[in-house]
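Chain IDs A, B, C and D follow the sequence of writing; residue 1 opens each chain.
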Amino acid sequence: MADSLNAYLYVGAILFALGMLGVLVRRSLIVVLLSMELMLQGVNLTMGAFGVFNEDMGGYMLTLASLTIAASESVVGLAILVVVSRKARELYTDRMDGMKW
Amino acid sequence: MIEDITFVYMAVIAVLAALATVLVRSPVRSALSLVVVVFHVAGLFAVMDAMFLAVIQVMVYAGAIIVLFLFTIMLLDLRHEAGEPYLHKNQLWLGIPLAILLLVEAGWIALNTEPLAEAARGAYDAAAIAELGGTGQALAEVLFNEYLLPFEIAGVLLLASSVGALLLARRPDEDKLPDAPDPVDDVTGPDDERAEGGAAIWPTR
Amino acid sequence: MIEHPWLIPLAPLLAFAINGLLGPRYLKKATGVIGSAGILAAFLLTVWLWAEGEYGEATLFEWLASGSLAINIGFLVDELTVVMLLVVTGVSFLVHVYSIGYMAHDGSFARFFAWLPLFVFSMVMLVMANNFLSLFVFWELVGVCSYLLIGFWHDRESANNAAMKAFLVNRVGDFGFAIAIFMIFWNFRTLEYGAVFAQVGQADPETVLVIALLLFVGAMGKSAQFPLHIWLPDAMEGPTPVSALIHAATMVTAGVYMVARMAPIFEVHTTALLVVGGVGAFTALFAATIAVVQTDIKRVLAYSTVSQLGLMFLALGAGVYTAAIFHLATHAFFKALLFLGSGSVIHAMHDEQEMTRYGGLRRKLKWTYGTFLVGGLALSAIFPLAGFWSKDEILAGAFMRGASLDGDGLFIVFWALGLAASLLTAFYTFRMVIMTFHGDPRDAELHERAHESPAVMVAPLALLAVLAMGAGAVLGFPPEHGLIHDFLHHAPGILHFELTGNQTIIAISLAVISTAVALLGALGAYMIYSRGAPRAESIGQFVPGMHSLLYRKYHIDEIVNYGIVATTKVLGFILWAIDAKIVDGIANLIGWTVRALGGAARQVQTGQVQNYVFLMALGAVVSVGALMIFR
Amino acid sequence: MAESGFPLLSVILWVPLAGAALVLLTRGRSAAAAVAMLAALVSLLAAVAMVAEFDPGVEGYQFLEERDWIAALDISYRLGVDGISVLMVLLTAILTPIVVATSWLSINRRVREYMAAMLLLETGLLGVFMALDLVLFYVFWELVLIPMYLLIGVWGGPNRIYATIKFFIFTFIGSVLMLLAILVIAFDAGSFNVILLPEIGVSSHLQTAVFGAFFLTFAIKAPMFPFHTWLPDAHVEAPTGGSVILAGVLLKMGGYGFLRYVLPLTPEAVDEFRVAVMALSVVAIINGALVAMMQRDLKKLVAYSSVSHMGFVTLGIFSQEQIGIDGAIVQMFSHGLVTGALFLCVGIVYDRTHTRLFADLGGFAKRMPVYALLLGFFSLASLGLPMMSGFVGEFMVLLAAFGWSYVAGVLSLLGVVLAAAYMLWMYKRVVFGELRSAAFARIPDANRVEVMALLPLVALVMWVGISPGTFVNLLDTATAAIATYR
């Protein structure tokens, strides 16, 4: 089981799907951001597994890149969150609908 | 055998923690659950002998990103308020089926995916890595040769994001400009003796 | 003179320009003199033209040239033109002089003396035209002058309506006229009289018949023939001199002139002549029956005019053009006289036009009475006054036409209609004379204040009375060979009647018959209205409901109002609704649809990030799914 | 004379624009009006000089000016006039000073900007009539839209926003299609040069498409039934000056477009759709007249009468007889004068009473005799009275229509009869009878400026009516050429 690629992919898929569920259904902005990190966990796992099982360093590279992006993304995302929190006390996604038309 | 047991443990806990991340009401607990996920994903990396990834995963995610999250949560004093629903009701009926659909698709793909044939694989099998002295060395070998440019770009990206974060999070009243006049308000010209108190020339909604 | 025929219209045009530009502010009362002088100049020039006796055509300037079309403004002067010019300018002059007195107290004196010369100018141009377009142009212009003068007292609602009615009914006539002109152009490729007349012989007779009938529609409008006669009685809302000049003596005879001028076109197909004669004869009797019961003195005269115009068309239809023009001239004299006389009465009675309030005026208005009686006798065609000669010729002509071998038997019927009209003419004329001047005053107060008109009004009456007495005998004796016959004999297109021996006997017996009929009518009027209390309803005793029918003019106004005017308005309203609701509605609907679609599309953008994320994810999942299924 | 050194057309064209710039620098209503008047008069003077120098006998365009503009695409700044353009340029140049003069009195908000917009509009209109390059033509065509949009939208009546948007969208749909057609022509014929294009021609398979696009553009502008519904709304909301230019000149762009582009470039398509266009024209004539009759608003009545009168223009143009085309142009010229004057007359009453509803009007003959006379004059001119301009155009068009089909002729002639009905009824309701309100008892007569503005129009209407030859002679060579494209 531990030496089967499919098993890792399953876990990655589940993590990704759960993350997406969190992004879609949670009202709290910070939890949405957390869920995105969760999705990235799934992605990292998948890519890492491909790298190991295909004996290719490319997988490692992609995982590293994904890590970098996750870091940048969370930094910027949290900065935006701070700004938003200054404008409006509430950080519920369904109350932020100014960006339309 | 022991590997299989370890794998199952890591996978099950990771998935359960992930569920908790998504479903738990309090943001702090959500973040802490994510830490659990991160550690167990690192465990999974370890199971497949990707030690470097396991370590860096723990360092970056658990050590940096999630700590940042926790700081933010505490700094802004974010907590779940009683009476506020924590789920987006309308999205629930869209999100759950979509997530299930995605899972089915991804699962289907995972089921039908096999490692490449021996010939098509890369050069870095376990033996080669061991020869180089572990995944760290192997990674460095590739990263600083073949992937130097992406590496540098990642550095620039990090710089840009930290500058951007600084800029965004800065307080706006530090160096504010005086208000510019609003052109739309100025509808009456100088020689409008009989203009009836700024009659709307432009349509207002 | 023939080199400069434009001098004749120029004189009234100048009078119009001077009076119109300077009149209201500077000239005021002097406009009357200037107007009269202008017309007198035109009359004298016409006399000069007549005395010289040289006729021909002259082109003034090129009006328009475009492609194959070239139209010149020019003049045609021949015997017919000269007769018309003499009548028009002569009567106009007398009416102008009379108006100086009649309009003396009107606030818009100068305006009156601007429009009246303009009318004379247009009328002169009309009779002098040498092509169809000029004819049409001035045909419309006299119509406008008529419009302006009927509506002269513009604060009267009835006057405005009458003016509008006159113009619109004339436009309906002109509708036919215009079609005729366009047909003439496309069939003959020219609009010059001479060139057209030269070609009608070779053209398709049916086409020429259509053209002739359409031209006649124009003539019917202008000359108030049934059913386009409805505007003329209403036109009496204008000042009385206008009624005398425009709506009795000159403008309304333009239709007669036109048919006479177009004789070569009408002669091509006998049906055209039959229609002209039939409409004329019918209108003559029809209008006379209405005149019998009217109590407004000017309306009686108006219907009488319609009736007399009908007789002229009967003459035209019968082919006795000379008789038509002859009657046109004598009618101009005695009808102008009657109108001016009635104007004098109205003036004396302080603008009262109802004959039921007149009576016994003969002692107070001696001159008016005398001249009016002469006019009445002439109108009734009593020997030897003017009306007798011309009318007798018409009736004789119609009878002969019906009786002759190549003639149409229907003309005997028309003759009978004309004869009946004569009877009624004499009847209503004497009814009018008796109700106005004889008996006892029916409104003592008005009678008390009545006074004879000033000399400036009486003098034209006297002159016209002389003409009404003598013109017939001077111009028309001996019958068929009088001055006017010999004169018009030279005019192109005018046909003649040559009497043979035994026809002379018939002609004399016809004259006796018509005189007897006229006397009978006069006697009837005397019997009914002179004895006892004259009642307008007297005639109603014979046939119940008859009086009301006649008094309401056979309800034709109502029929037109509800049948045509209201229908047009309803149609306009419906079309407006279609325009605003459907045509514009479609345009607005398209706009609305685009907006609605945009609005619907806008709803997708809720502004909620998670909706957008959902759509993105959905897109990705569906794409991947599609890829899995369809790869 | 042609291609002489002095750029006369450019002077006529750009002086108003320069004037517009100068006007914006002034302060106070009178200064703005004076500068605008000066610019318009200079342009008029130059236009009169152009007419005087114009040689009616010469075929083709005169006063040609040509400079490279966008050399890479072979687009030039090319101006020139033939007989048709001369009349239209003259009409524009005559109406603008008149509008400036009357607006000086009646506009009381943002006079400076109003005058500038008016002058900009004049430049656009003149450019449309002078341009001999398709792209240049299109630029001017669109340029007209902007000031007109502003004139209605800023100085208009209460419902102006609806009216402007409608006006803008209607005309813009047309012009977008026209741009398409221009590109098609350019790719097909390989040139934007209007002088050369008729000789090159448009390929047969493209003619229907090009015709359709052009037709819609010009039909909306003219406006032809059933694309006319923007016109009454725009007129009712537009300020007096805007209405005058809109009816007087803007609508003529449609007729001009038909003559300059549709007939010469797509003769085969014209042949194919001629019956339909003629039928639409006849419908426009009768429908416009009947609808006009039932209007309750004076200005709307005049607007619908425009629809009816412009029906004669399209009828004449598509008769493809020289008489008809000449007649259509004379009718355009005459309609510009007469309807422009009628809108001025409506404006005079509106300025004094602030109403245009027949229910509130009436009885002005006693109080305003001069005005009554002028309104009467122009009403008679509008209903096609001989000796005035309206008759000439309608007569020639009807003559051509009869040559084509008696049915079409008779039906359109009915429009003339109806014109008399609605015009006289209108006149009666406005001028005759009793005053409707005591407030109007002291209403002043038309003042000197208004009379002076209308008198030149009176003179021109009479001139065209009495001696149309003067004007038709200018046209003859040009229309003879157009009549041959078929």
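Please note the rule applied: a residue touches a chain if its C-beta (ideal position, glycine included) is under 8 Å from a C-beta of that chain, and two chains touch if they have at least 3 such contacts.
Here the structure is a predicted model, which means the values were calculated and not measured.
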Most heavily contacting chain pair (counted by C-beta pairs in contact): A-B
Per Cα centroids, the chain farthest from chain B: C
Per-chain CA centroid nearest to the all-protein CA mean: D
Where chain B and chain D are represented by their mean Cα positions, the distance between them in whole Å: 65
Whole-Å gap between the CA centroids of chain B and chain C: 98
Computed distance of Cα centres, chain B from chain A, in Å: 4
Chain A: positions in contact with at least two other chains: 20, 24-25, 93-94
Residues of chain C whose C-beta touches two or more other chains: 610, 614, 617
Touching two or more other chains - residue numbers and ranges from chain B: 88, 91, 94-95, 98, 102, 109
Touching residues (chain side chain C, partner chain B) in the complex: 610-611, 614, 617-618, 621, 624-625, 628
Contact footprint of chain A on chain B as seen in their complex: 3-4, 6-8, 11, 14-15, 18-19, 21-22, 27, 30-31, 34, 37-38, 41, 44-45, 47-50, 52-53, 56-57, 60-61, 64-66, 68-69, 72-73, 75-76, 78, 80, 84-88, 90-92, 94-96, 98-100, 102-103, 106-107, 109-111, 113-116, 120-126, 128, 135, 138-139, 141-143, 146-147, 150, 154, 157-158, 160-162, 164-166, 168-169, 171-172
Interface residues, chain A side, partner chain C - complex: 20, 23-25, 32, 93-94, 96-101
List of chain C residues in touch with chain D within their complex: 24, 61-69, 133, 136-138, 140-141, 144, 147, 151, 154-155, 157, 160-161, 163-164, 167-168, 171-172, 174-175, 178-179, 182-183, 185-186, 568-569, 571-573, 575-576, 579-580, 583-584, 586-587, 591
Residues on chain D engaged by chain C in the complex (per definition of touch): 166, 169-170, 225-226, 228-230, 287, 290-291, 293-295, 321-323, 326-327, 363, 365-366, 369, 380, 385-387, 391-392, 395-396, 398-399, 402-403, 406, 409-410, 413-414, 416-418, 420-421, 424-425, 428, 431-434, 467-469, 472-473, 475-476, 479-480, 483
